[in-house]
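A, B and C label the chains in the order they appear, each numbered from 1.
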Amino acid sequence: MTTIERVEPQTEIAVAIVDTDVHPMPVSTDVLKSYAPADWVDKIWPTGNAVTPLPHFYDTPDSYKTMSMRVDAAPPGGGFAGTDPDYAAKQLLVDAGVSIATLEPMCDAQLPQAEHVLKSTYNDWLADVWLDKHNAHGRWRGSISVSAQAPEQAAREVERWAGHPHMAQVLMTPQTRGIPFGNPHFDPLYEAASRNELPVATHLMGQTPFELIPLYPVGNPAHWHDFFASWPLLYVSHLMSLVFDGAFDRHPDLRVVFVEGGFTWAMPVMSRMDRIWEARRADLPHVRRRPSEYVREHVRFTTQPLEDADVKPFREYLEMMDLGDNLMFSTDYPHWSYDSPAYAINRFPAAQRERIMRGNATALYGLPSTVKALPGEGPAVSVSFE
Amino acid sequence: MIIDANVQPHFRYNAEIRKYLPAAHRLRSIPDVEQQWYQAPGGNYREDLYGEHYPGSDRDTVARHLFDDGGVDYAVLNPLTRGNIADYLLNSRICAAVNDWLLDRWLEPDTTNRFRGTIRVNPEDPKGAVAEIERLAAHPKLVQVGVPMQSREPYGKPMFEPIWEAAAAHRLPVAVHINGGNGVDYPPTFAGHAHTYPGYAAFMPLNYFVHLATLIIEGVFGRHPDLKFVFADGGYDILTPLMWRLDTFWLSMRDQTPWVDRYPSDYLPAHVRFCSSAFDGPTDPGQMQRWMEFSGKADLLMYGSGYPHWSASSPADAADGLDSSQRDNVLWRNASELYGLVAQVEGTTV
Amino acid sequence: MLERRFVCSLDELPPGAMKLVDVGKFGVGVYNVDGSLHAIVNYCSHEGAPLCLGLIGGTNEPAPDEPGGIRRVRDGQIVRCPWHNWEFDVTTGQNLADPKRRVRTYRVDVADGQVYLNA
């Protein structure tokens, strides 16, 4: 075991690893409700149950016992994994070596107004608990959750948080009830996000309201296994819409982040779009550039869950794909499908590692190059990208 | 030798199909020949083929284009039907009519012996589909069973298994191809309807992956060692990323479906083939050879022109950038093995 | 260099229990599976998770003639990695899906009611 020097609390260490997907949860429904408007409490939580719906249309492995969480992530003081910001800081920031993490709460509600109020409530809770009270180290960043169903209100919510020092991005569900991302429906939101230089991230949300399960075009698999292997095709659909429906032309400063949907599919999707654009330019007068150029400029992908293919062909594939400027490392802490930084670093071609583990997220979110060390951390712990 | 594994012959005119329908169905309303779920602006077919006859409807013209001009030795004809219309019994009669028309107008009179055909069946009518396979499987020129890409359930689900079992028993691969017509179907993308034709055309072929994943995970391939599926619209460019995912999660999910006793991608060589498409593959031909090695695609891919579609490609297009062994595999070897087609000797007949 | 190390007394490790021993880089988990003792490295062959912190249970095998098509077997023998839930047989170190992903095992012996690990 290497010993780690004790450091003074105010010591700064270099940012080595940025984690672009971490899931905080309120410690109880009552705590969350305390941030909601009084007249909405009974409408959103009529039975006072479930803080946040966990995926239940499909069983993840052993989910009845593990609740889809890392078994070793439950806080020793009690409570659900991801509910204790200080224990999360110990496991993720200190033990796993993450310097800065972007927090993405998972929540959704069925009716448009309820969705908006619930997400605003989460924003107030996140800003208070994770970005203020438990952020003396300044290493948590947050997401402004917004309603996909109410884009005007989503835009106002973006404005409400735009100046916040620790809110790094906007967060919207990809389960948009049949409206693809490139649709002008989202224009008010994209306009507000772009103007405030906030990327719009998307992440699988809970699967409790019925219509949030996307009905796959040829029907749904029976098991989480084949369901989740096919899941990137939802992001593919949204990306093709963003390009072909002209969203990037209408919003030249928009940046979109696809979280937890893989990224190796980006290579074939870019070439498909390029080929069909070349053959059907007349159908797309509003699409001024080659589709793959839009992807390189406007889109980022987080890396978790990494495929467990043989490392040599995997790295070769990433070299062919040449998206070293577009990938951002993520762990998905504290979920079961967590990728550890130590494992992930070696999966990438050496020439892309620094950008993926730190540089791309730093540039996208305007992150600092140093952060305050936590007890147990020291400058002696360094990360090699060689 | 060159084998074209994907050609769509068409009826000459709408009423023609009625000659092949039984009396009880002859006066029913069915979608037109030209009807497509998502129309390509300007027409679905190659511009130069609209003329005296409906594109792809004249046997001599098609033969001249493929065999004489194109240098192709065999062409596998896979006609469209009219969509997953609500009345599944009528749909099965439409499939049978299309099959009888194919035999009558294309295969029986073909003295060149270069055309082969498909037994179109309706998966929404499993009993009818099995009966249709049994009716026609013995015909030497019918080399595969054909079903639509469009479906309200993925093909690994149990209601379809008797169909695949019948196909495998007759050593007939099952070709999945985007169908024409007008069906009761879900929106074509995972995010709803596409609002541009390119948004539809670029995405739609990728839906094969859900059929493929379920055929593996539900154990269909495991239970039927002789069953082969052909995904005739391509989409193999996304095969590696999604199979990597399917392989990765197998170690986590194995206990829910323990009949899957190997890595999902281990099922590909014995059970899966693709027809080439104009939309698949790296845009840099310099990457093509290495890219073909991922997921063993060189053994899975068969040239398919898609004639008379507007995106129809030539053998040279399909072979662009390949090394000579990959080229032979794609242009004839894989299809020759799958369909039992051998080089013809001049002057002999079947 | 293998060393014979004292772990605990046998009654501190009843059937179904696991004791984590601080040895080597990651530690070793000693298991009592129905009276017989086994040990595996506390490091998953996937991403290096602390394997022995995972839940112990059984697994399923195909049973085509039974309703539901699967049956529960090998209870108490299988540890699932606390992260991605990969299944390992603690008595052999084998990964149930892919034998090439096995983890290292160690010999355990009992003398005079005391458990010893050879690691």
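The rule is short, and it goes like this: a residue touches a chain if its C-beta (ideal position, glycine included) is under 8 Å from a C-beta of that chain, and two chains touch if they have at least 3 such contacts.
Since this is a predicted model, take the numbers as computed values, not measurements.
Visitor: Taking every chain's C-alpha mean, which one sits closest to the mean of all protein C-alpha atoms?
Guide: Closest chain centre to the overall C-alpha centroid: A.
Visitor: If you average the CA coordinates per chain, which chain's centre is most distant from that of chain A?
Guide: Here the answer is chain B, farthest from chain A.
Visitor: Provide the C-alpha centroid distance between chain A and chain B, rounded to the nearest whole angstrom.
Guide: 38
Visitor: As a quick test, compute the distance in whole Å between the mean CA positions of chain B and chain C.
Guide: 48
Visitor: If I count partner chains per residue in chain C, which residues reach a count of at least 2?
Guide: In chain C, 46, 84-85 touch at least two other chains.
Visitor: For chain B, jot down the residues that touch at least 2 other chains.
Guide: As it turns out, chain B has residues touching two or more other chains at 250-252, 255-256.
Visitor: Check each residue of chain A and list the ones that touch at least two other chains.
Guide: 61, 308, 336-337
Visitor: Could you list, by residue number, the parts of chain A that touch chain C in their complex?
Guide: Answer in residue numbers: 1, 61-62, 65-66, 70-72, 308, 336-340, 342-343.
Visitor: Residue numbers of chain A touching chain B in their complex, please.
Guide: 59, 61, 174, 176-183, 214-226, 228-230, 232-234, 236-238, 240-241, 244-245, 262, 264-265, 267-269, 271-277, 279-280, 282-284, 292, 305-309, 313-314, 316-317, 320, 336-337
Visitor: Report the residues of chain C in contact with chain B in the complex, numbered from low to high.
Guide: The touching residues are 46, 59-62, 64, 69-70, 84-87, 95-98, 101.
Visitor: Applying the document's contact rule, which stretches of chain C touch chain A when the two form their complex?
Guide: Contact set of chain C toward chain A: 25, 46-50, 53-55, 57, 80, 82-85.
Visitor: Tell me, which parts of chain B touch chain C in their complex?
Guide: 250-252, 254-256, 258-259, 263
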